[in-house]
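Residue numbering begins at 1 within each chain, and the chains themselves are lettered A, B, C and D in the order written.
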Amino acid sequence: MSYVKDLRWKKGMKVSEIVDSFMNVGFQSIELAKAADLIVKMNKSGAKVFLTFTSNMVTSGLRGFFAQILRLGVADVVVTTVGGLEEDIMKSSGERFIIGDFSSDDVALYEKGVNRVGNLFIENESYARFEDIIGPMLKKLYEKEKRWAVSDMLREIGLMLDCEDSILYQAAKNDIPIFCPAITDGSFGFHLFMFQQDHPDFVVDVVRDFKNILFSTTHDDIKGMISLGGSISKHHAILACLLNGGLDYALYMTTARHSSGSMSGATTQEAKSWGKVKDDSDAVTVIGDVTITFPLAMVAALEKLSDEGLLKGEGLLKGE
Amino acid sequence: MSYVKDLRWKKGMKVSEIVDSFMNVGFQSIELAKAADLIVKMNKSGAKVFLTFTSNMVTSGLRGFFAQILRLGVADVVVTTVGGLEEDIMKSSGERFIIGDFSSDDVALYEKGVNRVGNLFIENESYARFEDIIGPMLKKLYEKEKRWAVSDMLREIGLMLDCEDSILYQAAKNDIPIFCPAITDGSFGFHLFMFQQDHPDFVVDVVRDFKNILFSTTHDDIKGMISLGGSISKHHAILACLLNGGLDYALYMTTARHSSGSMSGATTQEAKSWGKVKDDSDAVTVIGDVTITFPLAMVAALEKLSDEGLLKGEGLLKGE
Amino acid sequence: MSYVKDLRWKKGMKVSEIVDSFMNVGFQSIELAKAADLIVKMNKSGAKVFLTFTSNMVTSGLRGFFAQILRLGVADVVVTTVGGLEEDIMKSSGERFIIGDFSSDDVALYEKGVNRVGNLFIENESYARFEDIIGPMLKKLYEKEKRWAVSDMLREIGLMLDCEDSILYQAAKNDIPIFCPAITDGSFGFHLFMFQQDHPDFVVDVVRDFKNILFSTTHDDIKGMISLGGSISKHHAILACLLNGGLDYALYMTTARHSSGSMSGATTQEAKSWGKVKDDSDAVTVIGDVTITFPLAMVAALEKLSDEGLLKGEGLLKGE
Amino acid sequence: MSYVKDLRWKKGMKVSEIVDSFMNVGFQSIELAKAADLIVKMNKSGAKVFLTFTSNMVTSGLRGFFAQILRLGVADVVVTTVGGLEEDIMKSSGERFIIGDFSSDDVALYEKGVNRVGNLFIENESYARFEDIIGPMLKKLYEKEKRWAVSDMLREIGLMLDCEDSILYQAAKNDIPIFCPAITDGSFGFHLFMFQQDHPDFVVDVVRDFKNILFSTTHDDIKGMISLGGSISKHHAILACLLNGGLDYALYMTTARHSSGSMSGATTQEAKSWGKVKDDSDAVTVIGDVTITFPLAMVAALEKLSDEGLLKGEGLLKGE
């Protein structure tokens, strides 16, 4: 039996220390501490780890953190939405997003050519410059092949980038596939459409990509998931794992609630009825804003893995 | 200036009456009353109306309500996720979903072959039988063409069904396109993959479908949106409208919050910074479970449209 | 076994009809339909019904609805916070609250002497005039007695009002006690303090009022609760019932979530561990804005009780 | 102009470092970083700082953290609910609360005499032993005086305890008043009632305590607030500050949303319309579970205050 213990500040407290002490605080802090442990456990077990996140997280400074995680070898498969991939490319070419405010005058922002995502701002110009970048990329892809599975295409794009903080770059370099089941749902979709107008035989084959994600793991693999936010990223990764026998480890971090029956708010508990998460699996759900909960849990986990010499990619970070 | 008025029950109170009185109650009830008015306004203006919803709403009894709305001519374009379309087909062939409980024993359910979605249950057998239905459908599609835009494919499938309560059927019959930007993200994706294994030249062309949604409306159209829940359904419809100059009317109904910068929780206010919703547009956000808020607002709106003889498809319902 | 049924609009649909059909829709609509049934059941069983709500609901147009419910005999004990009681008095003397907007310029409002509560506005003048009303009331109370239990004091104040839509008035007239465990937490508290400055022997005895609420029901009573929102109103009523053996019927309607361990978000499930809600009780939790969910459930319940001739106070409404 | 910066893990990362980097991440992590800065600013300004929290936070391990904060001199006035104070006394006499699970079998727990608060458990026996402690305390109080303002009573009780981790003890020892506007809303209320049965002249004077909180600060004071969760704790402290001219610094940390017009979810923005928070004040709202957000922001703030030698009570911790 474990008991509530009074949290106490001490000078110079590390992230890993406070997360450790959260295990005895209560409510979501306990779930957060369990999340850190679960990430460690997944990695020690040799599980194939699916990492899913939504576009807004790439708008935020989590983007480089995701790239670092891929580099460190803590995740093996990525599933996300296209908006974030566009922004990863933008940032890789030097675009900077602005710290703004939740209660901005949105009409005034519009007139200034500024787009708001919560308390972050993206300028129209960033999208305009994206147009100049993506065009030549599509051309190169087309010269190589006419029919592309999405994850293969994203891998090629990653190899065209040169940015240590890029998700696409690190994924490509470390042989981590990125799946994006709704590849046209963004500015990228518009550019694909424009390209196809002039090259009607250019095909993005989403069905072939289903094969790719299905074969990205097997029944025999131990399978884990770190799902940040909801949406199809979460659903698609779960689906691929379900078709391979279900998850052994499942970590959901979200603000959504289960009361409306949505996928975004579905708990690891509900997932058990589907066989998405195995009966006897380790499963944790943390309710809260991912920009806070995920870095905390992951930093605490990285700390432990590093202490035990289990951080595969850590050597790569040396000297930076 | 408008004032708070005390709500009062009277015997035999109609939905339209209570929604009317909500305009003077407070908090979300006011937003709900505004939503009803906005739906009326959109329709009177001759706007092209985009209706978006998530799969869990099709799991629920809203499915037949959506079909009815399409039949009545209150929406012109549908954007949704594939899970719901699968379930629409299942229900069209007689499958029944069970009223369950939020706090079920999920492991026990799994053992009984029952999958939980909030407080609703779907049996494994329903999915098994879906397999028998979808196979022949894909074959017919393939015989007709090798390369399909998603919405064209969904239209064909709708025409193969024969169920007045089916979304796919009513959409097809009433020339309403259904867009589904992540067509592989479900059981349907698995069956597409299986089919492609034997028919490698079978292609689902999502890029061509981007063209379809882009051309489903124009800059000159008055454009309205009824967005239920979040996810890519919401985002995709907004994107298509943004590329055509932005929305004149926007109704968002959701449980998500804007505090995490997600698309699901993004408000009509934030949308203005992007030009997604025009500066001077009518825009309403209603926070709450869509299974309650949407029927109320829509029933009140249908009532008014019917009273004014503006319900295009109402004649069709006669005699039922 | 019960199944999902497609919701269908028909012309002239009544509130009670749509709530009935909600029983087969899904997610929170089912819980709402159960809530309506539970209210009917509580009343038929002859239960002593505790109704709790927070101040903001009295700011809204639910205020007169609460008064009507007390008049109709559907609740027997009220627990609430003092802000709402102040506003009930204000409204009884003709003050009107304004329909405003969630995204107002709050600094500008402040300069105009307007206070915002969500999308409702209260003018400073309303509070100023409240001062003129409450002073003489306290004087009368003091002349009658020096030491007052809160609920006795509120009863006297109710009798001084003359407004059919007043909660205090209808409660007093129908012998329904109103408990308010934090009576000083508002403008009323300030006026009590000012009065006590000049009348040091004036005492508001909250301990004696604990006795009153404890004796407002018994172990032998069948006990029911309709708890709207959270806060101490909810907690205090539950406490009184717990000390009398626990609730037989419990309906919680709230937007709060259970994930933070708060009382506001605590579910009827959690309440069972405390014996607050009996093991075999009927208990329903509806997640959503009370200005929508409560009127719907209550109107549907009133309809049924009226149909069966069980609405005690209905005769009183005749001729209005 | 400030820009989004990619978050990066480095070995041995401190809480203060990650919170610093949150300032450039996005969404709630930015608000959290601002919260830390605001706490520092309040303290440097010499503001009178009101700290409010709800009972469930005292159930958790935040209890000793609150005590430590009082000891360190970072807060000057406390407002809370009675449940937490009861539990502070219980814990001071050695009671231990259990780490449990959100999805427990509540009926089974009830049968074992275990009460659930989210994922924490409290045994019935803890309440039984509380009875033995509180009785003699009330007797001592009564012997000293017959009529008690709440905060005076709580101060006396604090002095009877001997526990460094106790909120009541540290508050009493450091001359920090604790206000509890609904003192009877808990087990404590029951014991007060029992005591008054035998000692009818025993009076808990809540009106006099209103005077105490009103005079706990002045118009001339710089005033700050750290409000954790909602409920009357938040409202009461705001009220006292409003009557003294409004807050200069306001930090709200909560999971509640503003969409329902509740006090718990009211933002610092809305507070400006009331003059609760001054126009030009520094105000931050952080959405999220307080067991995570508060320790992070406060630890980061303590770190900075300590670095600058501004932590009044830090010397007291030496040698522990």
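Here is the rule we use: a residue touches a chain if its C-beta (ideal position, glycine included) is under 8 Å from a C-beta of that chain, and two chains touch if they have at least 3 such contacts.
This structure is a prediction, so every number in the text was calculated from the model and none was measured.
Among the remaining chains, the Cα-based centre furthest from that of chain D is the centre of B. Each chain gets a centre from the mean of its Cα atoms; for chain C and chain D, those two points are 27 Å apart.
Each chain gets one centre point, the mean of its Cα atoms, and the points for chain A and chain C are 45 Å apart. If you average the CA atoms of chain B and of chain C, the two centres end up 36 Å from each other.
For chain B, the set of residues that touch two or more other chains comprises 26-28, 56, 59-60, 103, 118-120, 257, 259-261, 269, 287, 289, 291.
Under the stated contact rule, the graph of chain-to-chain touches is complete, every pair of chains being in contact. Residues of chain A touching chain D in their complex: 1-9, 11-18, 21-32, 56, 59-65, 67-68, 91, 96-99, 103, 118-120, 165, 269, 287-289, 291-293, 295-296, 298-299, 302-303, 306. Interface of chain A with chain B (complex): residues 54-56, 59-60, 81, 83, 102, 104, 106-107, 109-110, 114-120, 147, 181-186, 189-190, 192-193, 196-197, 202-211, 214, 229-232, 235-236, 239, 243, 255-266, 269-275, 279, 289-291. Within the complex formed with chain C, the residues of chain A that make contact are 26-28, 103, 257, 259-261, 287.
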